[in-house]
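For reference, chains read A, B, C and D in written order, and residue numbers begin at 1 within each chain.
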C-alpha cells in the first residue's frame, strides 16, 4: 500500500534523525533554553528577516490554541473561514480557551478583506451583547490547498488595522506554500504583515514541531507562561530546536517543500490529462480531484487517501504529497488511474 | 560541566533512537492509530496486568491537565499535597481547566488517608458554596523523591471510595519508583488501586512522552476528544508508540530505572558518609542534601544542580540521577565534595 | 415617547410589587432555601405536570450559560439556529464555558429534525478531531417570534434520542408562546419532551428572574454547585421565589402572556391592513414588519423600537408588546402609521 | 424565631421598595442604560470623590468573578487570605475563569504587605513554571469582621506597585466598615488606593446588587462585554440603579451601616460583659463569640445563627446585625444569654 493520505505518515527526514543522533549525549538545559533552540531561532529570524519572538510547540492545534488563547481578551472572538482548521478539525480547542469563532463562508478556503469589512458592519463598537471580533485567522496554504496572494494579505492587514484586529496565519504546510507555483509571498512578507504565524515542521519532515513567530511584541509578552499553562513546554525542548535548526541551517525546509510540490505537480498534471476536475485550482502539496466512485474504490486496493466529499456517483478525494513521496509511486498512481479510466469508458 | 540538574538533560536512550531509525520509512496511520502504539499499549497492559485504556501524551503537565480536566465535573476540585507538581510547577494548568486545587500540608510530599478524612469534614455534602472535592492527586515518587507504601495507597483508595473520589497518581519518575530500595508497589497494584496513573517516559530515556493508564473505564470514555481539544494528539503519534514499545518490549524501562537508582544510592551513601543530612529519607533518583553555601558555590564550578531551598548558611540542593548518569561522574562528585568538606574544617 | 422596543422597559406587575411589599419584613433563610421558593417550585411543577427540578436564576443569558455549561462534557457542542440567542446575543457566554456552538441556517428561527439528522452525518461517532454534538438548543418562541408545533418538538426529541443528545428549550418569552394563536404546546408537553427548559419571568412582568426546569434528573444533579460557581445564587434568593409564586399562584403568568399577545394581534392586524409584509408569520408578542425608511424615521419621533435589518429603501423593524402595553398606544401607533402611509402615496 | 444569621434575611429597606413603586410605570432603556443607573453612578462617584467607572451587578460572587476574570491575563493569579471569600465560599468561581488563587495564612482575615513581599520571593519574574501573581484580593471588613487601617492599605498599595499587581477590595459589607468604630478608611481613600472595589448593596438593605468601582481605567475597559459574557447584565438593569440611587441620594447607605453597627456594639458589649471572648477584636456588624455548646443549643430554640467553628465543649458562633435588626431583639438575646450563663454556673 502506498499512502497519499497525508504528509505525516512516516518518521523524520534522515538529516533530522542524524542531528538527533549526533547531539544525543550532550547535556543541555531543559524547557527549550538550550543552544539548539537558540540556533534555530536565529536561523528562522534570519530567513524571515525579522526580530520576531519565536516559540516551538508540538503541533498545530496546540499552536493555534496557545496563540489565540494568549492574544485575546476573554470576550474577544476570532474570524475564520468556515472551512478553517480551528473551526472544524480541532475538537473545539479554541472554544476551550473561552473564545468564539466567527465563521465566514468561503468556497476555496480563503477569506477576503471585503468579507471582513462586511462582517464588521454587524459588530458595532458599542454593542456588548455581541462578542468583539479581535483577530483574523487564515492559513497559507488553506485547508483546500489554495494560496493567498501578497496583495490579498496586504488588504487583510489593512482591514485588520482599521478594526484594531490581529492577523494570525496558520502555516502548517508553509514549506509547500513558499515553494508552490504562483506563490508570491515570502516569510519576510509574513513577518511584516502578520501579528503572528507559524511554520509547520510536522508536515515537513520533522518528527513533530511547529515554530511560532510573533512579530507583534505586545502579543508575544509572557507567552512562555501561556505555553506552560497549556502543557506546551517540553522538558526536552531541545528536541524541537535540533529539528528546526536542521530544517533551516541549509534551507532543507525549502528543499523539502519543493520536492512535495514537484510530486504534486506531476500527479496533478497526470490526473488533469485524464480529464478529471479539481475542487480548487492552486493546491500546493494537496489536491482534491473529483473521480467516479467505482474508480475510487478500485484505487483503494493499492493506495491510501481520504475522501473529502462523498457523492452518489462521484466523490472528491484528497491526495497529499510530501518530502517523502517517491516519483515512481506518483507515476504508478497515474498509470493505475489511467487504466481504470480507460476500462470505465 | 556535569549535570545532576535533572533526568532530562540529554536525548534518548540509544535503543530508542535505533527504533526510530528502523521504523522511519514505514508508512502508518496518523494520530496514534498505528501498529507501534498498539504494540506499546499491549506491552504496558501486560506489564501492569490490566485492561486499562492507555493514552500517550507529550509531557507530564499536559497529562495532568488532560486527565483532571476530563474526569471532573466543572464544580469539582482536586486534593493535592501543597508541594504537588500540579499545585506549584504547572503555571495554573489545572485551574486553566476551571478546577480548584485543595492543598494539604505535607512535610515529605506525601498525603495520608487521615488527612483527607479530616479535610472532607470541612466539605459537607450539601454545601454548594464550597467546591466539591472529587479527586485525590498524588505522585510516586513525590516531588521530594519519597515513596508511598502499598498500605498507604490502599488506605487512600479506601477513603476515596468512602467519598466517591477518584484517585490519580502522577508517575513522572515511575521507573525509579518501581525499582527503588524499599518500594513495595507494582504497576499491577497501581492498576488495581488507581482510577488513573501515568508512566513517565521523558524522565526515563524517551525523547518525550508519558503513558496514561486509565483502569476506570467511565473515566476513560471519550478521552481522545479531550486529548484533541487540548492539542495533545500528535499527528505522528507513532513517535510515542515506538518509544514506549521499546521501553517495555524487553523491560528497558525497569533497567533504566534501576540504573538511575543505583547511581543515586552511591551518591547518597557518599554524601551521607561525609556527615550531611537530607531533606527526606527515601529519595528514589532524587536527593535533597543540605550543604554549606560555600561548598555549594564551589561545586557549581563543575556541576549543574538546582537549589531547592536557600538558607543563609546552608541550603538544600537537589541532585538527580538518570539512565544516562555515569558512575565515574558520581564518584568524581563525591570526591569533590569530600575535598571541599575537609578544606572547610 | 411610547416604547415598543421590548418587553422589559418598565418595572414589575403591580401584584408582584405588592407581594414583595407584604413579605418584606419576614425573615427567611438565604440562597433560595426559603418557603417562597418552595411554593413557587410547587406551583410551577403543578402547572407543568412534572416533578422536574426547578432552579431560579437572574436572567436568560445566565440561565443558558449555566445549563449548557453544567450539562455538557468539555468536548461536547450545542447545536443552535444561527439566529439563536446563544449564538448571537450573549457575547460568547456559552463559549466562555468552553463549548462550541454549531449553527444551523434557519430562515424563520426554527430548526428541524431533518436538519439535525443531516448535520450529524458530518459528525461520525469515532472522529475525535471534531467536537461531539450533544445538545440541541431551541427557543419557543424563537428570536423571530415563530413557534414550534408539538409535532416538530416530538421529531426533535426523536432525533435527539437517536444521537443521545439533550434537548434544551429557551423560554424567555414562554408566557407569550403558551397563549399565542395557533400554539399547540403546553408546559406539560415541554416537561415530557425536553431535558431542560426555562420560563422567562423578566419578559413577563417580573423585576428579574427565570425558572429553569430540568426534568432530566441526571442533568439536574449538583446544579446548585454550578449555580454558585457562576455567581448565579442570590443571597436573597426569595426575591425570585416571591415573584414566581405570584406569577403562578393564580395563573397571572398566562394572563400577562395573553394580554401581550392580544395587543400584538391588534397591532399586527392594523399594520397588515395597511398592506405591509412581515419577516415571519406567527410572531407571538413580537412582530417584524417591513416599512419604508421614511415612514420609519417619522414613527421614531413618537415611538421607540428596534431596527432589525436595515435596507436602502425599506427596513425590517421589531415591535414588541408586553403585559404593560396599553390598547390606546397600539391604536395610536396604527393611526400614525396609517396617516404616514397615506401621506406617502 | 429571631435571626442573627446574616444581613440578608429580609427584603429591602422601605425607601427602596418605595422607589421601585414610584418608578414602576416609567419606560426606560434596558441593560442599565437608564437615567436611574446614571444618577446612581453620579451619586456614588460624588461620594467617593472619584471619576471611576461604575458597574452594577447582582451579587458578590458574580462581582468577584467578573472583575478578576476581566482584569487578569490567563496565566495570572490572585493572592488572597486563605479565609478570603473567593478562596472558600464561591464554589471555585475564580478558578472557573481559569485563575489560580494563592492563599496566604491569616489569623484575623487580613493580609499584610510584608506577607505579600515574602510570597513574591517565591515567584521570580522569569520562572514560567509558576503562575504570575498579578492581583491582591482583600475585603473590608474581612470574613472575620476585621477592618484594615488606612496605613495598612497604603502599604498594600505600595507592595502592589512594586510588583505591578492590582489591588482589589471586596466591600460586601462596606456600609458597616465605613461606619465602624475605629475605621479610618473613606470611600475616597479606597478610590485612590484600589484598582477596583465594590460596595455591597445586598447586605445593606437592597433586594440585590453591588456597585463595582474601577478607578483604574485600563482595568475598566470593555467591562460591559465581560459582564454580558458572564450573564451579569440584567435586562431591567434599572432595578439596580433605582436601589443604589436611593441608597446614596441622602446617604441612606451610611445610615443603614451605622444602625447595624450600633446594634452590633450593644450585642458585643452585652456578650462581653458576661465574660465571653471573641475570635477577633473589631467586628463591624459581625461578631464571633466563643460560647459553651450547651448554651449555644439552648439559644437555638429562639435564635437563628451560624456555627463558625465547632469544638467539643465550646464553639465559635457568628452573630450578624443588619439595617433591619431591632434593638429589642438584641436586648432579648443578651437577657437570654445572661440567664443561660447564670444557670450554667
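In this section, a contact is a pair of C-beta atoms (placed from the backbone, for glycine too) under 8 Å apart; a residue touches a chain by one contact, two chains touch by 3 or more.
What you see is a predicted model, and the numbers here were worked out from it, not measured in a lab.
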Could you find the chain whose CA centre sits the greatest distance from that of chain A? D
Would you say A-B or B-C is joined by more C-beta pairs in contact? A-B
How many angstrom between the C-alpha centroids of chain B and chain A? 34
Based only on mean CA positions, could you tell me how far chain B sits from chain D in angstrom? 42
Centroid from C-alpha atoms only, then distance chain B to chain C, rounded to Å. What do you get? 51
List, in ascending order, every residue of chain A touching at least 2 other chains. 74-75, 90-92, 96-98, 128-129, 131, 225, 228-229, 233
Contact residues on chain A for chain D in the complex? 69-70, 73-75, 97-98, 128-129, 131-132, 222, 224-229, 233
Chain A contact footprint on chain B (complex, rising order): 1-3, 5-6, 8-12, 14, 17, 20-21, 23-30, 58-66, 90-93, 96, 202-203, 207-208, 225, 228-236, 238-239, 304, 324
Mind listing the chain A positions that touch chain C in their complex? 74-75, 77, 88-92, 95-101, 103, 128-131
